[in-house]
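Input: a single structure, listed below in structure tokens.
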Amino acid sequence: MTAPSPILVRRAILVGLIALWEILPRLQVVPELFLPALSKVLVVLASDWQVFGGALLVTLYEVGLAIVIACGLGITVGALVGGVASLRSLLLPVFSSLYAIPIVILYPLFTAWLGIGPQSKIVFAGLYGFFPVMLSTAAGVRVIDPQFLLAARSMGATLTQQVTRVIIPASLPTVFAGLRLGGALAIIGVVVAEMLTASAGIGYLVTLNRTILDSPRVYAAILAILLLSILYDVASRALERRVVVWQSTGRQSAPAARPVSTATPQATAA
Amino acid sequence: MQRGLQTLIRLALLALVLGLWEVLPRIGAVNPMLLPPLSDVATTLWGLLGRANVREAIAVTTLEVITAFAIAVPLGAAAGILLAENEYLGAIFKPMLFYVFSIPKSIFLPLFILAFGIGFGQKVGYAAFTTTFVVMMSATAAVESVRGDYILVARSFGATPAQIIWRIYVPCMMPVLLETLRISMIFNFTGVMIAEMYASRTGIGHLISNWGENFQLPQLFAGIIILSAVAIAFNETVRRLEARVGAWRQ
Amino acid sequence: MAAVSMNGSARAPASDIALEVRGLSHVYEAGDRAVPALQDIDMSVRAGRFIVIVGPSGCGKTSLLMMMAGLRAHSAGTLLCQGRPIPTPDPTRVGVVFQEASLFPWLTTLDNIEFPLSLRGVPAEERRRRAEAMLSLVGLKGFGARYPHELSGGMKQRVSIARGLVQDPPVLLMDEPFAALDEQTRMTMGHELLRIWSTTSKTVVFITHSLTEAVYLADEVYVMSPRPGRIIDHIEITLPRPRTYEMMATDVFGRLRERIWQQIRHAQ
């Protein structure tokens, strides 16, 4: 007998986990307080949908602006640092060193400066995403084959045409990888910030309900966050696949956050 | 550009930042309540290091960081090597790992509080939990960085399995392993900080969180400086080592 | 050293000269060091000829080709294409094919071939028509919608050739175009190139490290010395056309090949 296909096993594991989530609390193998049955969580999610939906909107707003900061700045600075040799040798070591700082320790500073409203979350999550996006863009820009530019020049491309017709398309995969990474990090950053100090947002609901020991609502909020980040991942991957159809291998299938090279980590922290 | 010149420019940049930090609040260009002058922060920092509760917090945090690291690294390494060496398990679990990566792991903090209560166990547990995933990913990559043909060549010269491990795997993986340790430590540190800032009665993370809430900005800045200095120092030390054992890599 | 001609064939009238190189020298300024790369190069390439340049690695072949393409300036001497200098790349006068498939991976085969046309705003319809024609010329009809990563190495180089020829330049420069291919594909591609060349009557300047390829393809072979690169031999390949694989086994072929090899060896 051959082993079942990995995809099948993966689905089975997922189904099993969902089933256990329902069964274990019902059989009182684990206490309700620790893990309420999935059905209960879903019921709460449905009945309180306005609360959770409203909180998600706040979170999405913050995430959206944080992505603009993380990706806008990250891709721009990354392209400069990666593309200009003198900037690269001057600044890349500095950025790599700064990268070791656990950025979350800056969050209290941002709340002191900007208050506990959306601003502090946006700035924190933007900064949280900035470094990895910047480093991975810098790494990506460096691998643009100089041969492409030479070929374009031999065909009479002007400087502007070299940028628009070669450099920009050649860096699209990097930019998209950066967007995906930056988005995932923005979500992580916003959720962490909301959980720490906030008065609104889906992360705030986790903390609020935890302190009043309302486990079904804690899990409902957790479920909403899980769905949000998985949806973002699936959507950004699909978009990337459509835009970067020409790539044979590599980034498009890689995870948003691969902690393997210095280019990307931090994604998973928090 | 020459190295000396670069170092000079970097030092100049640093001096500029530090100088502005001192001057701007002094001349009132920025609110000294929001950005206390550097010299005030330095004085506060010195005073803090002498205080008993701060020393205790540093000790607690250090112990948490080390314990979480000691749990996560062997666990993550074992799981990562298993996934890299066993193709079937790898095919099942690696795609799942990728998904886990884009999930904010802080949402599981409440579970650790329910399981361990607020204290050492919760903080260590959470940090170890987040770090294990990182170690797993990097360990998988580390194993996969050993090229099959090196092993084939070694075998063709009659190397024993033990020799293959010591003469091929270890030197090949050394730089990647150090990188793994370095990056895992960044995550581990972050994990402990988040856990302490979320719910804790002691630890540096708890202190800076409080200082922030009470608008004690000189203390807050002092705390940030201490933590950043420790993190950068660790990172740079391991990076030096990495460069040394990884000189053959390009 | 003066160029030697194996058979003193009659010189063509000046108007027939596609490429004219007179006393060309080049020195690279690398930081505070000066690297003399090319020294006193003289070449006179008649229109429609197939020229091959061989020489040891680092002797300046690529540099010379870059200058012919207007991609790099030279320190001294003159370089004329149909009587006029080439200060900047002009794909209507000179097409270039590089060693590595320098096709843009984000464009389909057809879009790659159209690229130089689109740079100068040729209307889409005409672009497509000309690109399609090139595609069938290089024997890739029906592969227009593929991306480069879906093509074999040989096919990629066919597309590169099509791209180099799409603006119908009288001169085609090729820098080790088949070096990355396996021996068999390489032989077929050489044969294909001769077919394309004979139907388009281009002037080709072709760089290679393979002596067999050089003799098989060329009308004339220029042999260069190690750095600084000079022309140390100029050999007329008298084999009749069309060339066939069987010719490789003949004595004449072997002797020509041997002569080139001796020149390169003794120049070391």
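List of remarks:
Labels for the chains are A, B and C, by order of writing; each one numbers its residues from 1.
Keep this in mind: contacts are C-beta pairs under 8 Å (C-beta built on N, C-alpha and C of every residue); 3 or more make two chains touch, one makes a residue touch a chain.
Everything numeric here is computed off the predicted structure, so don't read it as measured data.
Distance from each chain's C-alpha mean to the overall C-alpha mean is smallest for A.
Contact counts per chain pair peak at A-B.
Distance between chain centres (mean CA atoms), subunit A to subunit C: 49 Å. If you average the Cα atoms of subunit A and of subunit B, the two centres end up 19 Å apart.
Separation between the centroids of subunit B and subunit C, computed from CA atoms only, is 54 Å. Interface residues of subunit A facing subunit B in the complex, by the touch rule stated above, are 3, 6, 9-10, 13, 33-34, 86, 89-90, 94, 96-109, 111-113, 184, 187-188, 191-192, 195-197, 203, 206-207, 210, 215, 218, 221-222, 225-226, 229-230, 232-233, 254-262, 265-270. On the side of subunit B, the complex with subunit A involves touching residues 1, 6, 9-10, 13, 34, 88, 91-92, 95-111, 113-115, 130, 133-134, 137-138, 141, 179, 183, 186-187, 189-191, 193-194, 197-198, 205, 208-209, 211-213, 215, 217, 220-221, 223-224, 227-228, 231-232, 234-236, 239. Listing the residues of subunit A that touch subunit C in their complex gives 145, 147-148, 150-158, 161, 165-166, 169-170, 172, 244-249. On the subunit C side of its complex with subunit A, the touching residues are 69, 71, 88-91, 96, 98, 100, 102, 104-107, 115-116, 119-120, 147-150, 163.
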